[in-house]
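When the chains are written out, they are named A, B and C in that same order, and each has its own residue count from 1.
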Amino acid sequence: MDQSTFASRLTFHDAIETLEVDFSHYVFDAPATVDAFYDHIDARVASTGKRWYFLVNYEGCEIAPQALERFAARGKNANISYGLGAVRVRPGERMRESIRTLAERDAFRANIFDNRDQAMVALGEMRKRRELLGAPTADAYLRVNDVHLNFGGVKALTGVSFQVHRGEIASIIGPNGAGKTSMINVISGFYRPSRGRIFFDGVERSHLPAHRVARLGFARTFQNIALFKGMTTLDNIMAGRRFRHNLFTDALYLGPAKQEELRQREEVEKIIDFLEIQAIRKTPVGRLPYGLQKRVELARALASEPKVLLLDEPMAGMNVEEKEDMARFVLDVNDQWGTTIVLIEHDMGVVMDISSHVVVLDHGAKIAEGTPAEVRADPVVIRAYLGVAA
Amino acid sequence: MDVQFFFEVLIGGLLAGIMYSLVAIGFVLIYKASGVFNFAQGAMVFFAALTYVSLTERGWPFWLALVAVLLLMIVLGFVIERLVLRPLVNQPQITLFMATIGLAYFLEGAAQGIWGAQVHALELGIQDKPFSLAGISVSQFDLFASGTAALLVAVLAVFFQKTKTGRALRAVADDHQAALSVGIQLKTVWAIVWAAAGFVALVAGLLWGARTGVQFALTFTALKALPVLILGGFESIPGAIVGGLIIGATEKLAEVYIGSSIGLNIGTGLENWFPYMLALVFLLVRPEGLFGEERIERI
Amino acid sequence: MFYRLAGQFKSTYAADQQLFPIRQDRTFMVALALVAFVLVPMIANDYWLGAILIPFLILGLAALGLNILTGYTGQLSLGTAGFMAVGAFAAFNFILRVPGMPFLLALFLAGLTAALIGVVFGLPSVRIKGFYLAVATLAAQFFIEWVLTKYGWFSNHNPSGVITAQAIEIAGKRFDTPLSKYLLTLSIVTALALAAKNLARTQTGRFWMAVRDMDLAAEVIGIDITRTKLVAFAVSSFYCGVAGALWAYAYLGSVEPQAFTLDRSFQILFMIIIGGVGTVMGAFIGAAFIVLLPIALNVTAHALLPGVSSDLTSNLELVIFGGLIVFFLAVEPHGLARLWQIGKEKLRLWPFPH
């Protein structure tokens, strides 16, 4: 393969941490072509030792059907792209289906814009969001310190401590009744710990009521979906947004109130696009199937532009396909928005795949902590799960 | 302060409170078994008393009329289960509560439509004369009412503890799902409990009717019982008794002492709202009532 | 055939967020306004205006107030009539005691007074829910009734506690005929209904509904539920207060606290159950139903059984209302407004079944 052709199509914009990839009028005629190009990109990126935003130009790009699957798999890291590409049905034929249609059909994901200018604006916004949240840090972003939780005589949590770093995906796992949901409830301020402290971004926030915790930048989803059933998808997500509004201007719906509502609606539409729930905007959520309700709940949590996202079994009760979608969304949220994520999940495969840090609870106490690999190999964890003396 | 007068007011209040408890027990029975807050309990009191008094006025003997009304209340319990509760099963509590307001209107209209709206005197053969006990004058009728209430509670206790149906009722009160899974017929249990509440309504109706005359105002006994329930908790018969005693006593004391201290004749009518304010303040301090269980919110 | 959405595409969010996004609905509303403001004044006689339409509008407004609290925010109140009484007596005293008080300002202040009292009695909602709260609102109902009856100051020491509404004068024009009172009431009610509709579709309304649908989740996503509930109590009581003042000034002319008993509260609750919980339209459909049913019942009863006693018809009324409440809760919990919606959906497809 022609490495110099590949090289000439890559531009590193250091100032905006962006790698611009030019696929314009390139023809991917076989899986091998896709691999060759992406191997080159990966190698170049790795050699810089930095993270880059991807800006991709698809103008006139053609992908042969047999190469499509590989392309979809490897093209996932395109943050922003633009231009009309095509999937060739037969050699020589062009423009059967645009890349945008494909993206919308979910062959692969990308935010696709009409032209480079629009794409640059979107890229700018994405970078701004990331910057606001700050770069990943080595210090603890969220620190749970010796938390106890009692209900009457029942001890739900006993002396749990752990840390989550900014920008990482952390998982809390453990057998049923281990206290995972109680832990999330304590972090989100829904339960008040009987003892112990919680620090966020270096500041103690142990005893705030739940709505104040939410305003600090925490958002969550629930194990048993807790959507506002009588409201539409759109209203559910809008309710998740924090913006100034007041009774009198709302009642008149004139001037600033109207403009603010419409501005917020635009932001919400971005989340709707991101999670691909355009078709159910106006549907009362009570009528939606389970998988979609879970997605709307994620959308509502994202609407508040959280710094920390708490997910309580986001994939419970889903089929394989829905799980894959949800895992991808979680990764995308973390990747594109830089959001720190703490999740509870039973599916070990998912946990091992997407999280960088795992905390194991059993009977309300922490029994292990570490990387997925460490935890998986830990005999204490194995014993807790299998319930036998190891 | 005149201590003897104070005790007279206090005891009068406590005894009057028993009358409130009588109505409140009807609420508790239904709430425990079916989770329904039955606003129509007052209307049932009125319905039972009016039917009884109308039958005796038509020459029915005491016992026959009593048995007839009792049977009627049991039939009513089954009809309510079929036509009101069953279509509304699994609805939020607040919906069921509103449905019982509708039921109350229905029963009030039906009772008056059938028997007429005039006030009837009801004679139980107990004279409402005070007698002196250690220098404190006590109403004979109130004592009789208290005795009846005690008997009623005893009968209910035996029913709940000793009979098979009673045990089924308690099982249902503890856990609907579990009760269903061991083969208890929820429908039957509900119908029985409404019938039992009808029986309690009849007893309360006779006592209240003998005291105030059988008239539309009997439906307001429900309004008297609400603050009692809030104090005592919705699920506890002892709570209903204690709540009734507290409301009865504080209401009378407030009327006599606060009423007179805020001047002129303002005190009259205090009893309409004072128990509610008391219950409200209490709610803010202990939302689950005196005997209710604290709830852990889950999400 | 005519109720079609075809060809109506929204190209802006503003168009999509309109009060009535569907063109035919807008046409219907304009037609309704024309009928109410133009046609009715031309054809209705004083009996219809004074004895049916004015009370219908005012009770509709009170039902709308209750619907904001109960239908939108999920907090059941049995104190509606109490808040109406506050409005009526507040308006009376503002006009009586403040020289030169303009009527509309007095009406507004009456609403605000009721809102304030509403917030005070709404405070328990912070800690208690469901019918515990309903019982707490009964405290408001009884306490307000008692205070207004017992303290002569509120009725300017009228021996029977009756207040006689002063003449309504706005910008030098007197409103003393049924027609002028009808138009005044209609204007105020229309303005407040539109405001309610606006509240319902903006963030204020979303917070209300969020608290109604799942208050714990609302709290966790950052909604201050205490504030949200109290705002709902305030707005609801404001509407009820204005309705109460209009009841005195535009309808009865003189009222006593006994015009605002628990029965009135129940009557208004029935309106929203029958009309439709959680819709603006439902409040008015329910009010129309409950105002018209007794009249219809009376006419029918007298036509079928000449010489029937009014006692019997009023008892029949109780039975029918009671039965209807149970029926609607069991069969159509969204009330007549929902039937109206279903009707529209059918119409959209007509003449095809699907």
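Here is the rule we use: contacts are C-beta pairs under 8 Å (C-beta built on N, C-alpha and C of every residue); 3 or more make two chains touch, one makes a residue touch a chain.
Keep in mind it's a predicted model, so treat the numbers as computed, not measured.
Student: Point out which chain occupies the most central position, where each centre is the mean of Cα atoms.
Tutor: Nearest to the common C-alpha centre lies chain C.
Student: Looking at chain pairs A-C and B-C, which one is connected by more C-beta pairs in contact?
Tutor: B-C
Student: Can you check how far apart subunit A and subunit B are, centre to centre, with Cα atoms defining each centre and the answer in Å?
Tutor: From the centre of subunit A to the centre of subunit B is 56 Å.
Student: Go ahead and note the Å separation of the Cα centroids belonging to subunit A and subunit C.
Tutor: 45
Student: Could you grab the centroid distance between subunit B and subunit C? Build each centroid from C-alpha atoms only and quote it in angstrom.
Tutor: Centres of subunit B and subunit C (C-alpha means) sit 33 Å apart.
Student: So which bits of subunit C are touching at least two other chains?
Tutor: Touching at least two other chains: 216-217, 220.
Student: For subunit A, write out the residues touching at least two other chains, lowest number first.
Tutor: 190, 222, 226, in rising order.
Student: Using the touch rule from the top of the page, what residues of subunit B touch 2 or more other chains?
Tutor: As it turns out, subunit B has residues touching two or more other chains at 299.
Student: Give every residue of subunit B touching subunit C within the complex, in rising order.
Tutor: Within the complex, subunit B contacts subunit C at residues 37, 83-84, 87-88, 91, 93-95, 97-99, 101-110, 112-113, 116-117, 223, 226-227, 229-230, 266, 268-270, 272-273, 276-277, 279-280, 283-284, 287, 297, 299.
Student: Given the complex with subunit A, which residues does subunit C contribute to the contact?
Tutor: Subunit C residues touching subunit A: 13-14, 17, 19, 195-196, 198-199, 201-207, 209-210, 212-214, 216-225, 231, 235, 278.
Student: Could you please specify the touching residues of subunit A with respect to subunit C in the complex?
Tutor: 188-190, 209-211, 214-215, 219-220, 222, 226-231, 235, 238-243, 245, 247, 250-253, 257-258, 261-262, 264-266, 269, 300-301, 304
Student: Under the definition above, what is the set of subunit C residues touching subunit B in their complex?
Tutor: Where subunit C meets subunit B, its residues are 74, 76, 124, 127-128, 130-132, 134-136, 138-139, 142-143, 145-146, 149-151, 216-217, 220, 262, 266, 269-270, 273, 311-312, 315-326, 329-331, 333.
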